[in-house]
Amino acid sequence: MVFFLQNIINALQWGSFYAMIALGYSMVYSILMLFNFAHGDIFMVGAYIGFGVATGLVTLSATGFIALPGWVILVLTILLSMFLTSFVGMIVERVGYRPLRDAPRASAAITGLMIGIILETGNLALMGARRVSFPPLIESVTYNIGGVFVTNKKILIVVVSLAFMLALHLFVQRTRYGMAMRAMAFDFVVVPLMGVPVNTIARLTFAIGSALAAVAGILFGLAYPVLDPYMGIVFGWKAFVAAILGGRGSIMGATLAGFLLGFIEIFVAMIFPSTLRDLIAYSIILLILVFRPHGFFGEPYSARLRL
Amino acid sequence: MALLEIRHMTHHFGGLRAVHDYNLSIEPGQVRGLIGPNGAGKTTIFNLITGIYRPSEGQILLDGAPIAGLAPYQIADRGLGRTFQDLRLWRHMTVLEHVKLAHYSKLRYGLFGAFFGTPARHREEDRITRRSMELLEMMNVAHLADQLVPNLPYGAQRRVEMARALATGPKVLFLDEPTAGMNPEELIQMMAIIRKVRQSLGLAIFLIEHRLKMVMELCDIIQTLVFGEVIAEGSPEEIQNNPAVIEAYLGKEIVE
Amino acid sequence: MQLSVENLRVSYGRIKALHGIDFHLDKGEIVCIIGANGAGKSTTLRAISRMVPVEPGSRMTYMGQDLLKHPADRVVSRLGISHVPEGRRLFGNLTVLENLQLATFARKDRENIPADIDRVFAIFPRLQERVSQKSGTLSGGEQQMLAIGRAFMSGRKIMLLDEPSMGLAPLLMLSVFKALREINQREGTTILLVEQNARLALQFSSRGYVLENGSLVLQGNSAELLANPDVKKAYLGG
Amino acid sequence: WGKAELIKVGINAPMTGDIPKVGEGSKFAAQMWLEDIKAAGGLDVGGVKHPVELVIEDNESKAESAVKTNTKMITEDEVLVIVGPQSSKQAVPAGDVANNYKTPMISPWSTNPDTTKDRPYVFRGCFLDPFQGPVVANFITNEFGFTKAAVLYDVASDYPKGLAEFFKKAWEELHGPGSVVAYESFTTKDADFSSQLTNIINSGAEVLFTPQYYNEVALIVQQAHELGWKKPIVGSDSWGSAETIELCGAACHGLFFSTHYAAAGATGKTKEFIDRYQAKHGYIPDDVAALTWDALGIVGQAISTCGKITGDVEDDRQCVRDAMAKIKEYDGITGKMTFTEEGDPIKCAVIVKISDKGEYEFYKSVCP
Amino acid sequence: MEANRDKSPSHPPRGKGALRRACGRVPLLGWLLAILCAVLLEHYLGKALADLLGLRKIPVLLGVVTILKKPLLMPKTVLFVFLIYALPIGLTARLIREPANWLAERLMRMPVLIPAAVHLAILYAILHIWGDVSAYRVLTLKLTLIAVMLTLSLNVINGYMGEFSCSHPGFMALGAYATSVFTVGLFATDKIFGPALLPEALGVYLFPVALFLGGMVAALGALVIAIPSFRTRGDYLAIISLAFLFIVKSMIENLEFVGGPRGLSSQPDYASLPMVFSACALCVWIINNFVRSTIGKALNAVRDDEMAADAMTVNTRRTKMVAFMFAAFWAGVAGGLFAHVLRYVNPATFGIQKLAEVLAMVYFGGLNSVYGSIVGAVSLSMLSEALRPLEIFKWIIIPLLLILVMIFRPTGLIAFKEFDGRRLMQPRNRPDNEV
């Protein structure tokens, strides 16, 4: 029982990363109907920006000039990095996606893939081959609750990511911006006829998606404090799986699928020999899709979608 | 026995009853019309007959054999050809390719021929090319054979769709608003084409239309559908004078 | 003059769709453009609502101000020119209500929106029955109503209508046109109408233009055009 | 006597791809080696100083690319000998190429037996998994007296997987079947090991052996502690990078691993190398840099002892390969080496303890 | 037509203006013969010329590598390339224009297989002689030809049928392993499968059988994706195929008898240039045949509007199934060849990176186009080989190039273009063949 509970805690943390990243992915995906294959790498960039900001703040604070407590640094880091990373997202949108808006979707996917490679390689060229360690902004405290080990970081991560998800869900469902985003997903050519500034919405979408990726990057840095230029690849592809598994354009779906993916991975490793983890975990995903061919909340394939 | 016979067909979308107790029997060579207000369920009836939806209840018999529940391609193969209300052409294919492809189920070379380019395949391809060109000529669009469809004027696209439907070798041709978006002159051309098709190929035609001129001049029997139910069936004159039809569909001003 | 268009030229890649046309709209008018398939009618509307780029040298002014300096969304939100595009182009994944709400995206007078929605439902009661249905599953005619309703929500200075009668049942077609006239009279909305069904369009409008192969060949008030033998021959079915 | 023939040494290293750090270490070490040669006026072969050129090529950390790189260096650049590739997934196929073209190749870091097996022209600079696995198993047994061990490794990567298997085998030979109470794995690039660690903790293991690369080590150790693991964690030579400590921090203090050399408290040549490298590049060299350095040393010695460089590259390659096979007790910074028939070195392993200052302290030496 | 002929891989760099017009009427046969002359020239005189110019070796890959490594050698390299390639090709093509046209005309009067065989034979001779200069060239050639097969087969799914399939490396892996198990098990002595079961000498002849088997195994694997494709499309299918890729990879990692993550080595050396070339030619021929037949066009119809296809008697299920299995078959064959060229396979090779590579080639070259796939595969393979000296910057330059191509030609360089062998081989002395 303890064992089981422990794994639920584990899965919650792990799932919340998938969910957070899938969420950012899903933002772009649901609005522009694009696979933003650069998203994993934006996550990486977000983590590095977070690393830069945090290190800067820690150093600043260490000089004694203004001594900041860890949690203030954390909050500042998150906010600043969200801000900075959203620009990365907007640049990606401007360079890689806007020119391709009328093109087949797959072409834009390829541009995203390529932008991702450029971000990775650029990072490698700038930062060198070494990996960096994310500064531990808050003191790690481990609670032992009847044999189940929980750290304050885990709680923080799950809570923060759930909060962002809820906020985003409300944003997309309740505000006219969200509605405009959903409309763009369907047919962006006539969206301007509704008085909706398409470019602004697209930029906003990328900005929000990237800001979320930055949050995910920083939380990731706290939980798994080893950053390297290629850390986003696997996450990017798995977020891709989660975003779509959740159902096209569904924020709740993406969140749920992200957690589900985390749970599947953790529990498969718990129950089966862990060498078979990917084999079994992805077979489960495949089966889910065979029986729910349009994801959890998705709509059936519509012929309107471009190639 | 009628060519196509439908008995007590009913269909629901979720809670919405789109078609209720629909009956039809078409004889070879007949031209039938289906009119009714928007959203009455006309297109749905087409979709039910051609297998895109499966009716909740009822029977559909083609030449006496039940076809409800078959896949659309099987139904098409047995002789029900159709066009779509919202033009469903293949964006990246030429006009000729459209018509050739509609011969798909009747191709006599298999995958082997497709892979290895056997002489049988070349003969067969030549044969369907010739036949497709004949159909295009009949529709007066043969000169566009090598064009990609999105570049064509609307009227031409409709005619390509019709040629494509004819290429499946139908016994009954279903036309869903074939003149939507056409000007009066093109309307007259289209009527001539439909007459020609009927005469030279001898098939039955089932037509949804809102252009009264067309329905009244072409059809032998007209059904009027309102809220999924047939409220009147009869010759053009009967329909035109039927008060229920005037009330629900035509409107007084139009008739006058 | 509410809207004036001078020397409007548009091309799609190598295809020239409009070869420099001039026309104008006065406030509160109903004007129609008729012409054969591919004459450039839809292109004209798209140019006004800035959906297609125009070639240099084209001029368009709205109430004296340069329309070309506004991007597409601001033509709607600032100038109040709404456009019912060819083929309706609804957002099939949104419900009927959401489609209407979306059209108010940039409106400042948010308090009036509920009342306006009710007015749309008053004109098209059918839409109210389907209010939370996904618009993609509406029948053709229902979609047309929604498209007009949507335009009504977004801008009411000028409405550009591209073939509103397409696919409508006769009775409904009449009621749509009646509704349009009602909007025109009550709100003072200028209507620019593009129609294949030339007779209907000319009966409904006060002035008309005839477009052929990208150029305006005839203009005049509608009654005159209806009586014109050339127009009769070419567009009214003899 | 014309001009002395140019000697070309190929370096086949992963400059881009998954493990750029490894490529960087190899490159830096090779450049330092070249500096030394240059300073000496060339490589002395039979009294003639030959100029040396390095041909450094990127294998993108991909098998097919490593094969292409080797082919290119052999047939186009006509290198005399190749150092690299580092990881087995490139070294195995690349070794085949070198052997086919009768070009001596020495992989400093590849631990897969297949790399050198039945390939007279292929050597390696490190000990093999079948040696290291038992070393660690014995060490733990003797040092702590534990009988129940757990293993956590990356299934998708051949080095950790191989080592995990050999450790398991050795451990079960010592303590009987079933004494490896948890044998858990994950996949390359995973960052979360909580499920596996929970299983391990649950299994009642007394020690955790994890033959992983340094980046994963940091995560594994920290996560284990967060899940309440307080027992020892032991690692292998792949821990031997300055980054392990940089990334892992205090969590890793007090842990042990087996490796080729201990940086802290190193003396003599080893210290010299470490200091020089650190001065130049700002960090303590990884084991891969040290092994590359030694591999180049062996190459240099083999060329020298070959006695003459004729300029006929095929003869020279043969000569170098024969000389290399005969090297006895080469005194490298990672230990003394003699090649077996297969081209694998016989060398000692070192057990290193990570001190509370985060330095790698020599703990004990284990020889075959 | 003209423009595309220039881009086809075996052609010399595009000339300009007058030169181009002068060369314009040379038939494909003429170009091939001219290139043959050039490679022969290089074969016999290349070394001497290189010595004369003070280059140590004949520059590989048209000297790009040399230039990037040692910029100072640029003038010499360029001169070499000009003297050995550009000049002879230009001159010969011009000189033999008339006879070549005459010959092409005669050939075209015979059944089409004969001129095709002649052209292919010359093309092979060119590649063979070009490759003879160095083993590195041969290796690059083989891997490029394999890339062509992969790209083309992926184009069948992603381009012709319009799905976004991510499973190609998985199919390739299935083929690679199946073929390897067959050959290693039967014809090689190794530690996994023990001594050879059949005499070595037989192996070369049975290799095509092994490849076929590899292809079939991959095609069977494709069923896992083909069947869900009946019910779902587009994005959902994309992740099904991605899941399939992860599954295949993980499965192989867990199969100890093929070496798990350590991989499988000691494949016999069967993948010679003629073998790879024939497989590639066969693949191009069959795929091209297929996509141009009406049965193949059904793929396009399913892509553009599945419902309409269905209503026009197209059995969409069968069509999808055929497309997936067919494409997977060729990916499997390519995988088998790949394994035997490297003589080593491991599961890590068939990951996301390989996927990105193949996808890039397909979309760079052009969707729905056999030409496009050939151009995409050849140019990206060659480019990434030639830019190797740039190390890390290579991975900035190539993606940038791809982004630019996508922006200016969103469907790829040569999309939606039929590959018509007959037209390609036409004589060009009459104006109507000029276009």
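Letters A, B, C, D and E mark the chains in the order given here, with residues in each chain numbered from 1 onward.
Just so it is clear, contacts are C-beta pairs under 8 Å (C-beta built on N, C-alpha and C of every residue); 3 or more make two chains touch, one makes a residue touch a chain.
What you see is a predicted model; the values in this text were computed from it and never measured.
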item	value
Partner chains shared by chain A and chain E (touch criterion as defined above)	D
Chain whose Cα centroid lies at the greatest distance from that of chain B	D
Centroid comparison with chain E (C-alpha atoms), farthest chain	C
Whole-Å gap separating chain D and chain E, where each centre is the average of the chain's CA atoms	37
Averaged-CA centre spacing for the pair chain C and chain A, given as whole angstrom	43
Distance from chain E to chain C - Cα centre to Cα centre, in angstrom	52
Chain B and chain D, separation of their C-alpha mean positions in angstrom	73
Junction residues of chain D, two or more chains touched	16, 155, 187
Where chain E touches two or more other chains, by residue	249-250, 253-254, 303, 305, 307, 392, 395
Pairs of chains in contact (touch as defined earlier), listed by label	A-C, A-D, A-E, B-C, B-E, D-E
Parts of chain A lying in touch with chain E, wherever the complex brings them together	35, 95-96, 99-100, 102-104, 106-111, 113-115, 117-118, 120-122, 124-125, 233-234, 237, 240-241, 244-245, 248, 275-279, 282-283, 285-286, 289-290, 293-295, 298, 301, 303, 305, 307
Chain C residues touching chain A - in the complex, by the definition given at the top	49-51, 71-74, 76-77, 82-83, 85, 89, 91-94, 98, 101-107, 136, 150-151, 154-155
Of all residues in chain A, those that touch chain D in their complex	3, 6-7, 9-11, 13-14, 17, 121, 124, 128-131, 133, 136, 140, 142, 144, 149, 151, 154, 220, 223-226, 228-231, 233-234, 265-267, 269-270, 273-275, 277-278
Chain B-touching residues of chain C, taken from the complex the two chains share	36-38, 87, 126, 137-142, 144, 163, 166-174, 196-199, 234-238
In the complex with chain C, residue positions of chain A that touch it	176, 179-180, 182-183, 185-187, 189-198, 249, 299, 302, 304
